[in-house]
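Please find the structures below.
The following pair of complexes shares a single chain, subunit A, combined with subunit B in the former and subunit C in the latter.
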Partner chain A sequence: MNTSSRIRLSEFAVEALVRVAGFSTIGFVLLIFLFLLREGIPVFLQVPLDNLFGTRWYPTFDFFGTLPLILGSLLITFSAIVIALPLGVAAAVFVREVAPNWAREILKPMIEVLAGIPSVVLGFFGMSLVAPLIRTTLGVPTGLTAFTGALILAYMALPTLISVAEDALDSVPKSYRDASLAMGATQWQTIWRVVVPAARSGILTAVMLGMGRAIGETMAVMMVTGNAARMPTTLDSLFRPVRTMTATVAAEMGEVAQGSTHYHALFGIGIILFLITFLINLAAASAIFQKRRRGGLR
Partner chain B sequence: MSTMLKFQVDHLSFFYGAKRALTDVTLAIPERQITALIGPSGCGKSTFLRCLNRMNDTIHGTRAEGRVLLDDQDIYAPGTDVVDLRRRVGMVFQRPNPFPQSVFENVAFGPRVLGTTSRSELEGIVEASLRGADLWDEVKDGLKKDALSFSLGQQQRLCIARVIAVKPEVILMDEPCSALDPISTLRVEDLMRELARNYTIVIVTHNMQQASRASDTTAMMMLTDDRKSGTVIEVGETKQVFTKPQDKRTEGYVTGRYG
Partner chain C sequence: MMLGILAHKPANMNTARRYAVQRLGFGVLILASLLVVAPILFVIGAIIARGVGAINWEFLTAMPRDGMKAGGIFPAIVGTLLLTLGTALVAIPFGVGGAIYLAEYARDTWLTRAIRLAIVNLAGIPSVVYGLFGLGLFVLFLGFGTSIVAGSLTLAIMTLPVIISTSEEALRSVPVEFRTVSASLGGTRWQGIRNIVLPQALPGIITGVILGLLRAGGETAPILFTVAAFFLPRLPQSPLDQTMALPYHLYVISTQVPGMPAEIQYGTALVLLALVLSLNVVATVIRSYFRRKRQW
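For the complex of A and B:
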């Protein structure tokens, strides 16, 4: 065999390998999705919709109301973002615009390390430190509340939020800063009135990514939110226990009889969660698309 | 000469870190006139211009020596309020750089930063500034439109409107027409003549016709003999610099033999 045909053969082998790997990855994702549908769809047929989207989740008594779980997830996700957004943007502004070089060199890897803390560790930290603190300072019956979950989730969303927001700030052209400074704006005015607004679609993307991560988070949330499936519709709900979709699936999947309505209901929750995450990602993608089309960031 | 001097630059040298970019620049800039800076690329015209409003301060590790007097005050003296200096000495850049916001927001930016909050007051300033920049008729029905949706020539006049909205005393322009087509260029030149009645204008240009048409005073910059940094080699009334240059190098440059 001469060299050129050997090269051609190895070329072919590599290409085939990459192709198989690529297609099988997509194939597995599809299979998981089909499995989710196959196991979840029955619940939408077996249980009337007013029960399925009712306010009570007592599977042992055939109440499959997912509303408290959906609202529980949304409540802690949105609260987490409300907490994380100002902190994240402020941190990104500090790292990118204000910090001296040496501080930036230290902070950036530290933020990346934060992203790597396992969620069970954060859950443990939340249970043993944050929850008692909340119970004593706020005087509520238990420290395992939606707010505790939101705090932990905010903390988990922060590293991504900071680094994506930082990239967005970094991509704001120098010419905008120059124009602002040359008009007699101070450094702060330039940051808040020019740089951050010009980076807003990138910051929005950061928020969406953070939300996507937060809403799917399970372990830490299960450990600190108390897991009571009550409707979070009263004013004090933020400081009461709450149960999320993820925690429900994780807690109940182990003891459920395969093929039962309850089993299918848990997969149904999976479908709902998937849809919500999908919508969030879609919103993030369209924000990015809009930014490109407008040419807002050049 | 009976004209007042706005800037008096006295033995100014400038360094980017260890690299010397300007040596011993001495130059007087008359008030309410147009002063053109000409010279080959890389001789420090932009650097010099950015010394006049201390925009070079935004580049890390830069340093100036010598004095730059603005109305007899040294702007490099310790304790100078740089923010206030830049309000008095505005700048128009080589590439139009409006903010990615509406026309109105762009022009209202400066007054807002300076503390104007009343909507009607802002509207007045925006209209006056856009009229002053000869842009009002073209944008008055689209004040809410994205500034980036206008032509480059219009964007550059918008940048001029944005600068005059803060009522500066001096406007620095660094090759403001280099990205524009010939017709937009002529409009900006007309505008400069108009503005020179109220403002002191310093313009860097590569365009000899532009310098000779539009300016009152011309300063010729050149690399020093060791070719390491730039300096002013000749200053004078524009007509004289173009018709009877004193320096051989100026003559060569303005007649297009090099640069």
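For the complex of A and C:
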């Protein structure tokens, strides 16, 4: 009987331990939000709202307008998605529907390699090789532009986008393809008019996850976008320097006095970033969970 | 719905034209795939070609000299290895434990769904926000200072979702019969997991752990304010010491130091890239080797 009670005790202990590990994830999310609030809330009390959402970010002169930073982040995120979406969907369709085995065996590991390249390495590559190229081909004063950032970000979002889009294509039932082919459609017509439209909501999820990845990207963006906190409201803004929320936090946190308004403002930006990515991922996750319950990501 | 889609087909499309369109379409797909792959090869090729000249024994094992413009990057390499080790010590027990809970114990309740939501959100939080959090909690509130401990803990929480998701997937891919047979022989639930399920899922778990740690080791933003030293030409003395780290060092020498020789920049990028990609290959090989070997 002694051994059986010892077994029962260890069963209980193990279950308790893994349960703690599982629930720790909820604790960490709450802890992160709590500490962002703790250090970031003071800025909302110290700085009037019209300053905080104004158009000028000059912390040394007590201008904490986050609008140019938010718009900067949105500009390069959307531009990145515009580049990445056609490339990513086409690559996913190619891998899933068309590619011969040998091509798939090359493509899939290459995309995994891309996902593994550290952001700072891509940023370094962007500033030392892509930016000069953009400066000379487009004839702009500096190659460190929003477009350079969008280009690098597009490739950073591609692995996520491709793999989720692949799952979406994969879950389109084979019967759809069979029916289309049986009615005399070519393979291309089947892909273009049946499979991709049937997978569109899964592709939308892929786009959202790619956006979440892009808007939170820090190092590469900071190194290639020039970091000028100007309002990207003119048409040529895409080819001028821009500054994102992430780059602002990363570049300025090292220099601020702890407890200053500027310090709290950077945590305030952290709160905004947390909320944006939280909402994007919430939306994407609920789409995925729903689809999973209905059987398949479509 | 599908019939509706097909009904829009123009009636005058003859077969030859339809196949011409198909060739064109496939051509576009191939072109797009090349556009995805070619820059990847170019990044890797350019960094190898320009950085390989800087790599020698001194570069890998000496301290930096002359304001980092000469000498080696040894403390940065050691720092990154220590940070990755520290991350592993925290992230593996929590990650694998959490995965075991989700795959083997958790029922489908709202609490379990809350855990899954938390994991999705942890995975989506920007790396620089992890840096802010680490600064607020570990560096300031808990008083660890900018240290290896603070940086490792920050990176560990960031790595957690990767390890949990991949480990859970590995555990779930073990057929349910394995558990039933273990139970029918009188094994308890934990005995079944420990002796039957875990060993079968181990390759998948190891792959996930390596991929997660790789990402942690290559990250810069979370360590900016929690651990990284701009220039510290000695090895860290204790876990509460600061350290240099490869990704941060690359950032520093490519943006903060004027007149930095390009070869040292590319050399540093190459060392970081080589570390990350070689481990990436190891993870892929483990996965495909065991996937081919297993009988179920």
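Couple of notes before you dig in:
Following the convention adopted for this analysis, the second predicted complex is superposed on the first by the 279 of 298 C-alpha atoms of A that agree within 3 Å, B and C clash if a C-alpha of one lies under 4 Å from a C-alpha of the other, contacts with A are read in each partner's own complex, and residues count from 1 in each chain.
In this text, contacts are C-beta pairs under 8 Å (C-beta built on N, C-alpha and C of every residue); 3 or more make two chains touch, one makes a residue touch a chain.
Only a predicted model underlies this, so the values are computations on that prediction, with no experimental measurement involved.
Touch criterion not met for A:L138: it reaches neither subunit B nor subunit C. By the touch criterion defined above, A:Q189 lies against subunit B and subunit C together after alignment on the C-alpha atoms of chain A.
Contacts of A:V82 after superposition on the shared chain: neither subunit B nor subunit C is touched. Contact with neither subunit B nor subunit C is seen for A:A16 once the two complexes are overlaid on the shared chain. In the superposed model, A:I7 makes contact with subunit C only, not with subunit B. Look at A:P197: by the touch rule set out above, it reaches both subunit B and subunit C.
Considering which of subunit B and subunit C touches more of subunit A, the answer is C.
By the touch criterion stated above, A:D178 is placed in contact with subunit B alone, subunit C being left untouched. Overlaid on A, the two complexes show subunit B and subunit C touching the same residues of subunit A, namely 176, 179-180, 183, 185-186, 189, 193-194, 197-198.
Within the complex, the subunit C residues that touch subunit A are 2, 5-6, 8-9, 18-19, 21-22, 25-26, 28-30, 32-33, 35-37, 39-41, 43-44, 46-47, 93-98, 100-102, 104-106, 111, 113-133, 135-137, 140-141, 157, 160-161, 164, 188-191, 211, 214-215, 218-221, 224-225, 247-248, 250-251, 254-255, 262, 265, 269, 272-273, 276-277, 280, 284.
By the touch criterion stated above, subunit A contacts subunit C in their complex at residues 7, 10-11, 14-15, 17-26, 28-29, 31-32, 35-36, 38-39, 86-88, 90-91, 93-95, 98-99, 103, 106-107, 109-114, 116-125, 127-129, 155, 158, 162, 176, 179-180, 183, 185-189, 191-194, 197-198, 209, 212-213, 215-219, 223, 246, 249-250, 253-254, 258, 266-267, 270, 273-274, 277-278, 280-282, 284-285, 289. Against subunit B, in their complex, subunit A makes its touches with residues 173, 175-186, 189, 193-194, 197-198, 294-297. Against subunit A, in their complex, subunit B makes its touches with residues 53, 55, 58, 83-88, 90-91, 93, 95, 97-101, 109-110, 112-114, 146, 148, 159, 162-163, 166.
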